Amino acid sequence: MTENIYLPRMATIQSMRPETIDITTFRVTIDGSDETERFEYKSGQFAEVSVPGVGEAPISISSSPARPGAIEFSIRRVGELTNALHELKPGDKIGIRGPFGNFFPLEEMEGRNLLIIGGGIGLAPLRSVILNVFDNRAKYGKIDIIYGARSPQDLVFTSEYEEWRKVDNTRLCLTVDRGDEKWQGNVGLVPTFLKELHPSPENTTSITCGPPIMIKFVIEALNEMGFPSEHIVTTLERRMKCGVGKCGRCNIGSKYVCLDGPVFTLKQLKEIPSD
Amino acid sequence: MKTSSKEVQDSVKKLFEDGRISHFIGYEAGSDSLRVTPCFLKSGQTVSRLVWNPLCANNLAKYLLDLRKVEGKVGILVKGCDSRSVVELLKENQIERDRVFIVGVPCSGIVDGEKLLAVLGISPGDVVAVEDGGDAFLVTTREGKRRVRKEQVLRGECLVCRYPTPVIYDVLLGEAIPSLPWVRDDYSLVRELEELSAEEKARYWNRELSQCIRCYACRNVCPVCNCPECIFDKKAPRWLSKANDISENLVYHLIRAFHVAGKCVDCGECERACPMGIPLRRLNKKVEKDLLELFGYTAGIDVEQQPPLTKYQVGDLDEFL
Amino acid sequence: MVNQKKSKVIEKGRLTELLDKLTQGYHLIAPVQAKDVSFRRVESGSEVTLDYINSVLSPKNAFFSQTETLFRFFRDDNRGFQIEPCVEADREQVIFGIRPCDARSLRLMDMVFNGQYRDSYYLDKREKTTLIGLACFEPDETCFCPTFGIDPASGEDVDILFSDIGDRYLVEASTEKGAALLDKFAGFFVEPRGDEEQLRKARKAGLARMKKLDVSAIADKMAPLYGGDYWDSIGLKCLGCGICTYLCPTCHCFDIGDVNLDEGGGRFRCWDSCMFPEFTLMASGENPRPNRKTRIQQRFFHKLKYFYDRNGELACVGCGRCIRYCPVNIDISQIIEEVASGKAGND
Amino acid sequence: MPDIKEVQTEFKPKILAFCCNWCAYAGADLAGVSRFQMPTNVRVIRVMCSGRVPPELVIRALANGLDGVMILGCHPGDCHYSEGNYLTRRRAHVLKRLLSYIGIEPERFQLRWVSAAEGAKFSAVVKEATDKITALGPNRWVDKK
Amino acid sequence: MAAPRIGVFICHCGTNIGGIVDVPEVVDYAKKLPYVVHAEANLYTCSEEGISAIKEAIKEYDLNRVVVASCTPRTHQPLFRNACADAGLNPYLFEFVNIREHCSWIHMHDRREATEKAKELVKMGVAKARWLEAQEEFESGVYPAAMVIGGGVAGMSAALNLANQGFEVHLVEKEPELGGRLLKLNRIFTINKAPDELVDSMVKAVQGHSKIKLHMPAVVKAASGYIGNFDVSIDEDGQETSVKVGVIIVATGAQVLEPELYSYGKLDNVLTQLGLEQRLKDGKLGEFQNVVMINCVGARIPERPYCSRLCCMTAIKNAALMKEINPKAQVYVLHRDLMTYGVEFEEYYRKAREAGVRFIRYTLSNPPQVMGAKRVEAVKVYDELMDMEVELSCNLLVLATPLIPNADNEELSKMLKVPIGDGGFFLEAHVKLRPVEFAMDGIYVAGSCRWPADIKESIAQGYAAASEAAIPLRQGAVRVEAITATVDPKTCKGCGTCVLVCPFDAIELKESKIKGLEGKIVSEVNAALCKGCGLCAAACPNRAIQQRGFTDMQLLSMVNALSGKR
């Protein structure tokens, strides 16, 4: 018998770290010795996370494969399954299938500068990239991270920013749509902020992930700044079920987001329908 | 069916010309000679597409819901049963009376294609045209003209139709038909089942409803199933499992029968749409019969009539066991 | 494929007996008469009808059931779950009477369920199934399988082909699996009398009239229609029901759901349809295909372009079910013709 | 789908009763205060009015495998909200006939009137329903044959 | 919304629950239910200790839902809701499970099954609790006026009490005179005085009170509205007037049964006690020698099983009076049981015996027989004590008959939406805990319309009802339990089904003003008018309207929990 692609592996929630009012980072290990280590994934991939009896949803992995020991998912509660996940506690069991999908082409980016642009929960898969490249710092040039959320309370991974900023030749630029009394950073939308920062396209690959509307305007801005479409990397979001290209709902044109994505270069996107 | 396609075309053309409608929903020839298909016009120039013949089964009233937001008035062709659906849509405030222009056509029955082929012993490709010939249909086949008595080949709902003439219209094309000669017992189909034992009834409906593939055609084709989000599609709470099994199929069909209670006008579209041939009218007719017997109610007659389950009389039947 | 086609013959009178025998060693799935004919699991040969052009439901249910349990789970005391995969049927199955168009659809479905990720639920059943086809000599008005290079009287996609030639069936095995089955039931089959090929040829005469559409460059012709208003009136007409997708032998979309009981529960998959609004509705409330126009466009693009782009085949076998059963007469053959002839241009 | 229900040896029907807060629920309370002993098969869900119980809930309960469903409301004329029970009565007539039409025995869905003062009637209704449904045997919502 | 953290408190209620239901087993069971983070047993959850246990657990376990399994929400829900509120938890995040009245008390002989049932009831409660939502109560104003229906002693007491507190009172009396049944009495028992003194002083006080508006003779024709805001239409001498009041007190009294027994109405020397009093009062009794009184005439019989409570005392009063008027007269009281409770009444009875009134006990199976063709000449009775039949010569037969409900009670009950109980008397909200209130908020009851009451009781009840009614009047506002309907304007299709079924005209179709839905016709609920019946929620085809506290999600979760589904 070949492996059953629909059977989840049991995993245990080791810890739950609240990021915002509705986003929590789940630290998870797969049950059985070595199983967590044998879950080989790359930055940008997702897994189907399930609560038996409730359902399953594709969740991008926010931890870095370079830091083994546990797998992390940063999950916003929006639907039935994510609600159920948020109602669990450390020690509870969940199901994991995966890893699925493609990944950010980090190897191709070696030797290049990275411009990482995230919005809201979109920072989750980018965090996997960020931690990954930090652990392989020598292979990459300058790293610019531009991240924005609706308000200071909506920023995720805030506890790690200090550490990120300490990494060599790395810049973290934050922005929020609406600030508050305490907020001293930039106020404004990510694409606007990006234009203000005006990073150079030279030898630079940009990776962006966030709400569709943000991605749309970020890409426009990158185009204006002269980034070639093969060096604009982004992710797409569609409703998925099986995660393995069978159930038929996540296609955009001939591409299945779960199988051929979620990571696409702008060059690839130009070849598929725009819906 | 004294009204001809030509009359429909002329009348619609005039409506466009006079600026009385901006859209029209009618029928046009289908992809074979036993079918028609809904036709949407935005001008009088294309009225020649319109047809009216004994194959025009579709209840077009449902499309009024899709055209609620267009500019101008929407004209629609309705038969008796379709007009009763329009009444129900008006009752439920789903359409506005002054935003629709109702073109009524008296209808003396729609052909059941399968019955026709069986009676004539021919295949679909042999049929060229079907016309109304009073108490019979005139069928033009490749081999010549044939006459078939209507009672033999009418759709089920037409055999018990008490409203051959639209009950509401702005213009009526052709002469009103007071009644259809073949209509006798409306509820024989229901009575037959009522007389069975509980076990036999369960077996019957289990057998029929186990065939359901839950394609929701019966719901989607039904003009009075017009909720923007059907309770069967809701996730919280979930009334119905998506898993298709006989138990859930029963839940689906019972709740649906209840949801159309007092609104169903027996246009027969659910049964016509069902690919699995489930006798859905038998379910709806049961509720229709009970509402008539218990509360003297018939749906789709009068816009002012209050739905039977939203009111009561102190003297309503009070026996339960 | 077996190199040497070994033709046999079975007298019509012995068919029921053969089917009875088959039920003893196999799960036999065969056409059964309800209001229309459907493929069902049968317990005896007498349940089977052969008086049909094609069934309302294709036999895809035998490989990809409308509802199928993927696994069950039981809660344990330690906040955990025991997962128990669903045991596959232990018996081999035979599908008797499958039409060549439907048999071809399985080849298309294989492309979906096989590949980088193997869908063992589908593939295991596929492997355990012997297909006995029934040559089609009297196609329906709505049939247009030759469009897709299907010969309705051929056994290309089946293991064994039965051809009705009057008082007998001509029986040909086209695979090892088919030949093995024939050997196993050799007692039912006799040597041909010699006139079989001739009889079959005569019966095939009617097939020449079958609709064959030009789909040579259909995928390319579809591309510019994307987003165009050609789909507006079709979308308006469409009721958004699932008939076309559920009856289609090549449609494979499904949903996955859970059952939650006190003791445990399970996960199932069930057919789903791209015609339903919730199909692509995301938890966030966003829906990339928010209306019937975009959904019906997806259906035809999937059949006539996307599937082709991925697999080099069109996802239609011309069985005509969606045409026959669409309550509003949306006709894929008409759409193919309009696209092929350029009539489907955007005004 | 997974059917992990254990097989019961002795049939003990499980019956659900939706009780109107003002009459039947109070009647049930009175039955308790009066220590009227009755079968244990009935479980009460309190609603403010019998008219709050939609047919979907009754159908769902029966489909879930409960052996009987009762709606217990105020006597005609006594509705706390003046007319809720009259609407319930209409709905229940139609639902009961529809259920019976698909083979669900009429005893499995009952609408009964029990006032706040009728503790004894509440217990009688419970007993009667339990007896009748026990005699019918398990709810065969789905014909297993 | 934070993840549900449910605490379950299971009450032993002394031995009431704990003696039958295995409470520790139920606690263990509850602990394993979904979202339950704490479960405990309490000896009495409603005791101070129990209440503080709830409050502490809310803090200690960070509970955001509380389930108490004990007695009935009809009496104890406010207590536990307050406990939650005190601990900072919205009181609507509380769910009540009844395992006493609905379980332990009715299954005393089957401990196992009772325990299993209690578990399942708790499971259903927990399933509902998981979906509870915090609610804010709606506050509505109270119109500072009261209506009292009935101008007898109960009604007048209530009216005076409220008027003296400064509230405007509308007193509606159907007769042209105030005083009610008292006007017909000769003497009042135990004090043996004519009622005039009492009635006159009350009537004068009422008539002279600036805050009391008298409507007389007048009847209530229609009523609508809710606590704080009733519109009552009165037919006053053929003229219809409309009155707005915040509360209503029903004190319409009762009437005396005119029996069809013992030749009453056929022979002219047969009177009811009331008839006797009338004659005495009018001085028209005439000569009499031998008086026989029969008690329990038409009372405590299968058709009318209740004891009217007043008749024994009335008979004693009048028997003693007859002896007083004519000491030579033979006065017999034939009774089934004598109700002379308390020191005062028992003393009154003793004096009557001392005065020579003879009491003979008869049984229902062997009732007295009236002898005589044109007049009653004698009464035969089987004397229980003597175990022999005696024949009493009689020239005046007086029958003690019970009070019976007024004929128009039913009409009034429908108008006011208040219930009538057994026998046709009005039914209070709770026999012990809410004796002068109706279940319908803002309507109260006093005097014999509720149950036969003597003067003292009627006055006391009048005061009691007035003081209850004064609470909302004084507060000037009432809070409506947050179980009113709410509409989801996104899914509402504006079909108006809810509008048609709402008995309170609380729902209207209106253009939505919500962003993104502007102009869409949707239902809108007027929370002040909504009484929380939930009819709309059950009738809405796509469930766009829901009843708070009884949502589809909550009810379906209970049904699913009962059927083993999650």
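A, B, C, D and E label the chains in the order they appear, each numbered from 1.
Operating definition for what follows: contacts are C-beta pairs under 8 Å (C-beta built on N, C-alpha and C of every residue); 3 or more make two chains touch, one makes a residue touch a chain.
Bear in mind the structure is a predicted one, so any value in this text is a computation, not a measurement.
**Q** Just tell me the minimum hop count from subunit A to subunit C, counting one hop per pair of touching chains.
**A** Minimum number of steps from subunit A to subunit C: 1.
**Q** Over the chains that touch one another, what is the least number of steps taking subunit B to subunit D?
**A** 1
**Q** Per-chain C-alpha centres versus the global one: which chain is nearest?
**A** Of the chains present, the most centrally placed is D.
**Q** Contact counts by the stated rule: is the higher one at B-E or B-C?
**A** It is B-C, judged by the count of C-beta pairs in contact.
**Q** What's the farthest chain from subunit A if centres are computed as the mean of the Cα atoms?
**A** Centre of mass proxy via C-alpha means gives E as farthest from subunit A.
**Q** Distance from the CA centroid of subunit A to that of subunit B, rounded to the nearest Å?
**A** It comes to 51 Å between the two C-alpha centres.
**Q** Where the centres are mean C-alpha positions, what is the separation of subunit D from subunit E, in Å?
**A** Taking the average C-alpha coordinate of subunit D and of subunit E, the gap between them is 27 Å.
**Q** For subunit A and subunit E, let me know how many angstrom lie between their CA-based centres, rounded off.
**A** For subunit A versus subunit E, the centre distance works out to 65 Å.
**Q** Can you compute the centre-to-centre distance for subunit C and subunit E, using the mean CA position of each chain? Integer Å is fine.
**A** Inter-chain centre distance comes to 70 Å.
**Q** For subunit B, what residues touch not just one other chain but two or more?
**A** Within subunit B, the residues that touch at least two other chains are 231, 236, 239, 241, 243, 245, 309-311.
**Q** Mind pulling the subunit D residues that touch 2 or more other chains?
**A** Within subunit D, the residues that touch at least two other chains are 1, 56, 60, 77, 83, 87, 91.
**Q** Two-or-more-chain contact residues of subunit A, please, as numbers and ranges.
**A** 53, 80
**Q** Under the definition above, what is the set of subunit C residues touching subunit E in their complex?
**A** 260-263, 265
**Q** Which residues of subunit B touch subunit D in the complex?
**A** That would be residues 190, 193-194, 198-206, 231, 239, 241, 243, 245-248, 250-251, 254-255, 257-258, 261, 283, 286-287, 290-291, 294-295, 308-314, 316-318, 320-321 of subunit B.
**Q** Which positions of subunit A touch subunit C when the two form their complex?
**A** Where subunit A meets subunit C, its residues are 1-8, 10, 50, 52-57, 78-82, 91-93, 95, 212, 237-239, 241-242, 244-254, 259, 273-275.
**Q** Per the contact definition, I'd like the list of subunit E residues that touch subunit B in the complex.
**A** Within the complex, subunit E touches subunit B at residues 491, 493-497, 500-501, 509, 521, 539, 541-543, 552-553, 556-557.
**Q** Using the touch definition up top, name the residues of subunit D that touch subunit B in the complex.
**A** Residues 1, 55-56, 59-60, 63, 76-77, 83, 86-87, 89-107, 110-112, 140-143, 145 of subunit D touch subunit B in their complex.
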